[in-house]
Amino acid sequence: MKNNILIIGGGPAGLEASAQLQRMGYNVILIEKAPKLGGHLAKWDRLFPDSVPADEVLGGLLRSAEGVKCFTDTDVRAINRLDKSYNVRLTNGITVLSDAVLVASGFDLFDAVKKEEYGYGIYDQVMTNADLEAYFKTGSDKRIENPGRIGFAHCVGSRDEKSGCRSCSKVCCATAVKQAIEIKQAFPKAEVYCFYMDLRLFGRHYEDIYLKAQKEYGVRFIRGRLAEVSENYDGTLQVKAEDTVAGKPLKVTLDLLVLMSGMRPSASGKAIGDLLEMTVEEDGYFAVRSGIAAGQRSPIPGIFLAGAATGPKTLPETLADARAAAMEIDRYLTEIFPDAKNYKQLVRERW
Amino acid sequence: MIYEGKQKIWSEYQKEIPDDHYFYVRSCIRQSFFPASEATFLDITRNRLGKDIFETEHHTTCGGIAYHSDTIPQETVMTIIARQFALMAKNGYENYVCSCITSFGLYCETMETWREFPELEAKIRENLWKTCKLEFAKPKFLIHASDLIYKYRNLIAAQAVRKLVNVHTGEPLKVVEHIGCHYSKMFPSKGVGGAEYPYVLTGMIEAWGGEIVDYPERRHCCGFGFRQYFIKGNRGYSLSNTHKKFESMEPFKPDLIITNCPGCPYFLDRWQYVIAESTGKTYGPDGHGIPALTYEEVAGLVMGYDPWDLGLQTHQIGPEPLLDKMGVEYDPAKKYLGKNGKNIGEPLPCTCLKG
Amino acid sequence: MTPLFHLLAVQAADPEVIDRIPSGYSHFVIPFTIGITFMLCWIGVGCIRLLAAIPQSDRLKFWKSLFLPKTIIKNLKDLFGDCLLHVKIWQRKPLLGYMHSAIAFGWFMLIVLGHIEVALFVPARLNVTRGGLFYPIFYRYFVWMNPGHTTLRGSFFFFLMDFFLLYVLSGIALAMFKRFRSIVLGMRHTTKPSLADRVALYSLWMIFPLRLLAESFTADLSGGSFLTVGVNHFWHLLFGDKLWFTPCWWAYSICLGLFFAAMPFSRYMHILTEVLWILLRNAGIQPHHPRKGVAEAEIYACSSCGLCLDACPMNVQKKNLKYSSVYFIRFLRRHNEKKINAIADKCLMCDKCHALCPVGVDAPALRRAQRATVNNSLPYDYSYLPSACAGQLSEQKVLYFAGCMTHLTPRIIKAVDRVFKAAGVEYAFADRDGGICCGRPLMLAGKTEAASKVIEANKKLIVESGCDTLVLSCPICYKIFKDEYHLEGIKVVHYTQFINDLIASGKLKVEKIDEKIVYHDPCELGRGCGVYYEPRAALGQAGTLVKASKEYDESVCCGGSLGSLTLDTRDRARISESSLEILLAEDPETIVTACPLCLKTFSEAVSNSRLPRKNVAVKDFAEVFCR
Amino acid sequence: MVDFGFGLVPSSRINLDLFDKDKYEELAAVEPDVRICMACGSCTAVCTAGKFSTTSLREAIEDIKNAQPAKAVEMLQACQLCGKCSMVCPRGINTRHLILSITKTYSTK
């Protein structure tokens, strides 16, 4: 018998897990609330550290997930737990009886408007990392017109308890360095400043792009959180930070400010979590069975998690997490699920 | 500047302001700096808007200046405040309106502290009983006097005889709004419009036909800074801070600065004189300064009060160019005549700053 | 046709030589005369200018040196050895030495013998007014050998002239061959000739074959020996009696003229300038300016032979060839300021080019002088020095000064301490808590004035310590303490010397173990201070010393040298790697060096390099004696 | 002018708008390593002169980038060019040449 598996979220994690589970012979149903698959990846132009086109990666994911039953523009309306399986009613009217549910609800980008002092949505020349990616993709944005001085503010909505997020979003430093290089490539005469608190360039080749940004593109890295942005008479921005290395307050006039919005738990993911009565930790991301040994299992048997639903992850980490989740689902559906008699016992022992 | 973006933020920082029956407490320093402002406030609220506003001669300083200068402990300050609250309760009021921003901030701070540490509130209650044999009740609404004017800005506009418009060009006057630091920077939710883009004064200017100027250093302190001013060795820092603000607003060519704090109009006014006389730099047109007025003075001007009744002669920066722009009629001969018709004394002419 | 036996005739009757051209002049001498006159004027003016640019005291020293017997002997020895015979090249590359000496000595002899011939047979012609400038050169053209009156004396000169002509020709042949296959003569890299170089070079190549042609054409008239006469016979066989000797003499003269005219602008100026440089050098005069005075002599004494190209450690990468001393000197000559500074700053100052230079051109000193023109005027503020050197040192006979770099390699300090303790040496540690720099890096960077301030401060500290022996473990320090500190009454020794003495006097017991050790000569210690023997003697007691493929004064810099101001890490790493390869030639187990910089550089290079052998240990000299 | 007994206080704030890009590029052309400093402070920690004075190459590089070159030049005057900093720099910056180049490029003398 082919087990039904419902995957919630058609971003990279959902797509990768669908492809893997389909290969294993399961009957996969993938739902995505947006009209298009791909999640944030679909909105991105190039990916760090090697500036690989995002479309290329997404294309690969979509191709390998071909044949998976996909419902876009679809959300979960209700979920009932049956004995072992889940009865899921979708917003498109379809009801799915699923033996395992994978929540790959991803993340939301922090709403930069909330950092009022940065003036996103108020000053003309402030944009976010997502806006800049959109510019790279489409080549047009009224804010970008041969800017002379460009600033990147790291940690917007990350490592900021006042924004409700204590933790690091993991991807913004590398994204900022990547975007700094790309904007320098687009406007070679521009001066680019990155305002950072710590440069968290932990991954392979990340340090290389940092060095490249300094050496080849002359990007200036200033250690200090951007504190205040105001608009000058001519529409340029005056930004203030402390250069904490120099131990002095600093100001500079910018033509463009890019805010590196961090990752926040997905709001729609949380709604699904509420339906499933899933535990959410203090940081807003879903709790897992064990952060080290069972990072893809939720505390509820049969509910699995993958990708940024359990905290900020880079794309390769998300994909690896999705593959791991597929393995976990397979293990559950072959070792625990079929044994109806000892199901509860097995769940206690092995979940 | 994206106006809609600001509106969105303003909509998130709205504050409930009661309709009537206010207990009013004056500001220590405003009474001596710009005494007519508080008088005008009472006149507008009582006589023009017909509100019940009560004040008692028994209220004292809130202790804020001493507190911010680190000369008295917090518990002392809280006990003083508790006494003011007791006066309010004794007189049957629960809407506490203060004229001073320092006081407003301190009241907010005290109430928040009590909320977090109820045992402290209990202790203060005990202190107050021991010292004054009084019992206090916390105000139901704690508001600043400018919140009230903000609330009635449209009523005032309806009674206005003129707008904040240059009568010669028809252009709205460019107004810099300067909020006292302790109005909303400590507790953004306690101020109308929050801390980053406060709306309390902006709302008045918009209602009265002026145009708000959003200059880069608008968030900064006027320069008073308590210890920065009080200690002469630090006074250069106070001056430098004000100087930074004027350098920043200069390109916008503002016609007027509106403030809601006791110290701000004073320092934005007097330091222009010091900057002019020590460096030769003036910020208004033709060697004049930029008038820094209180919101009551601005309200009074639009409502047709006589400028000398509003106390505009107590400003270092001469108000005449502004009055001319607004089309306000005034008698120059009466500028330095007191209420009793006697000369109140005239300042010596300045070298650099034009009167 | 002159019968052969005439040449061998013993009897001689006057006149033996008859003016074939009574006027002693022919138009073809014009090119040569112009060329040589131009060159002589140039060099005359140059000499005066050069001597005028030397400080008064140095000039006096120079004139005096010319009359001191000791310098006279040295001058003669050097002039003969370096300028004519090229002994230094012979010693390292025999074939190349032969080539150089063949051209230099051979040509020199041709000129000298030519003039002797004229002096003997037509002495009147030596007079400048009677063609003394060109006559001896074209002697064979102007004279007619009286066939009936040849003498043994005459034949002897004919033979010598032919012999030296052949000698020169063999040198020229090698030179031509070297242009195309330099490696055969032991040179991996050769210099790129400039335009003037090319003109002079090709003229030089042509001079001697043309001389042979010209002289062989006239050999039946004006005499000759085995070579010219032999060739003359060949021509007659080939062409009969129709010999075009006037065009040949023209060609010969033109080539000579061209050569001399191009000479001042070419590397060949060295042939004459070398003499002046050797005299100045032996007089002990140091350059004060990278371009003027002694430096000028030095610059023009460079033959652009390119031996320094292979010597230079930077040249493991071909892209760095352009920073070699030969090009530095060439650009100095051309006043190419931008390039001069770039090249001056790049050099590691390992001094190998100087050690290997056939004429002893001290290019590193010129580079230092060049750096000084830029860097000496840069501001500095050492007002903190008095407080830095204020401490009181415990009074001991032996004072040990570790130096800045040694503080980054504490293993040296520890090893020195253990060795000193084992040998019972009581010592004071001058910079235990960190001292100031010795001043050598400043000196190398051309900040001589700043260096003097540092030297002064250190000197005070050392003199006040009351020690009688100063031991240094850093060759960089040692070099400057020895050369510039002038510590009267205090013996300044490098720890290799000191430890070797401890072993020799039996104070330090060394156990010999079975360990193959290779010793790396630090630049400043070996070439800089001439300390080659003591470290090897001491190491020989502790293990089996094996050879590096280049050692002593040919040892290659580790790549870490403080001498270079601009060489980057990658280039340095390549040098370290090649230097390591040289040290590992005989598969040693341990590399021993006696310099903190070499130690650090090699330790890192062993683990980082792409060389297959990674298990070789890198040790400091002192560590060998405290295992 | 009136003497009030107090006056404007010079700002210690870094104003990057005053940054002289051309001059900096001039420096970076002779010593590109100025770009790659990551302000780890190793150079300052081992500095021979730093033990006796307030010199810091790390700070000097900052000063250059923060439009305060005069401070950098003054600070670097204590340098003895001993080269310890170049040995410890994790990015392999040619520190000594950088020091000389900063002095050469920005020195007003």
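In order of appearance the chains are A, B, C and D, and numbering begins at 1 in each one.
Operating definition for what follows: contacts are C-beta pairs under 8 Å (C-beta built on N, C-alpha and C of every residue); 3 or more make two chains touch, one makes a residue touch a chain.
Because the structure is predicted, anything quoted here is derived from the model rather than measured.
For the interfaces C-D and A-D, the C-beta contact count is higher for C-D.
Averaged Cα coordinates give chain A a centre that lies 40 Å from the centre of chain D. Averaged C-alpha coordinates put the centre of chain B at 86 Å from the centre of chain C. Here the spacing of chain A and chain B, counted between their Cα centres, is 46 Å. Applying the touch definition to all chain combinations yields A-B, A-D, B-D, C-D.
Contacts from chain D toward chain B in the complex involve residues 1-9, 11. Within the complex formed with chain D, the chain A residues making contact are 191, 193, 211, 214-215, 218, 220-221, 223, 243, 245-246, 248-253.
Remark: chain B residues 1-2, 4-6, 8-9, 194-197, 214-219, 251-252 touch chain A in the complex.
Residues of chain C that touch chain D in their complex: 345, 374-375, 377-382, 384-385, 387-388, 404-405, 407-408, 434-437, 439, 441-442, 445, 447, 450, 454, 560, 562, 565-569, 597, 600.
The part of chain D that touches chain A in the complex is made up of residues 12-17, 19, 21, 28, 32, 35-36, 38-39, 58-59, 62-63, 65-66, 91.
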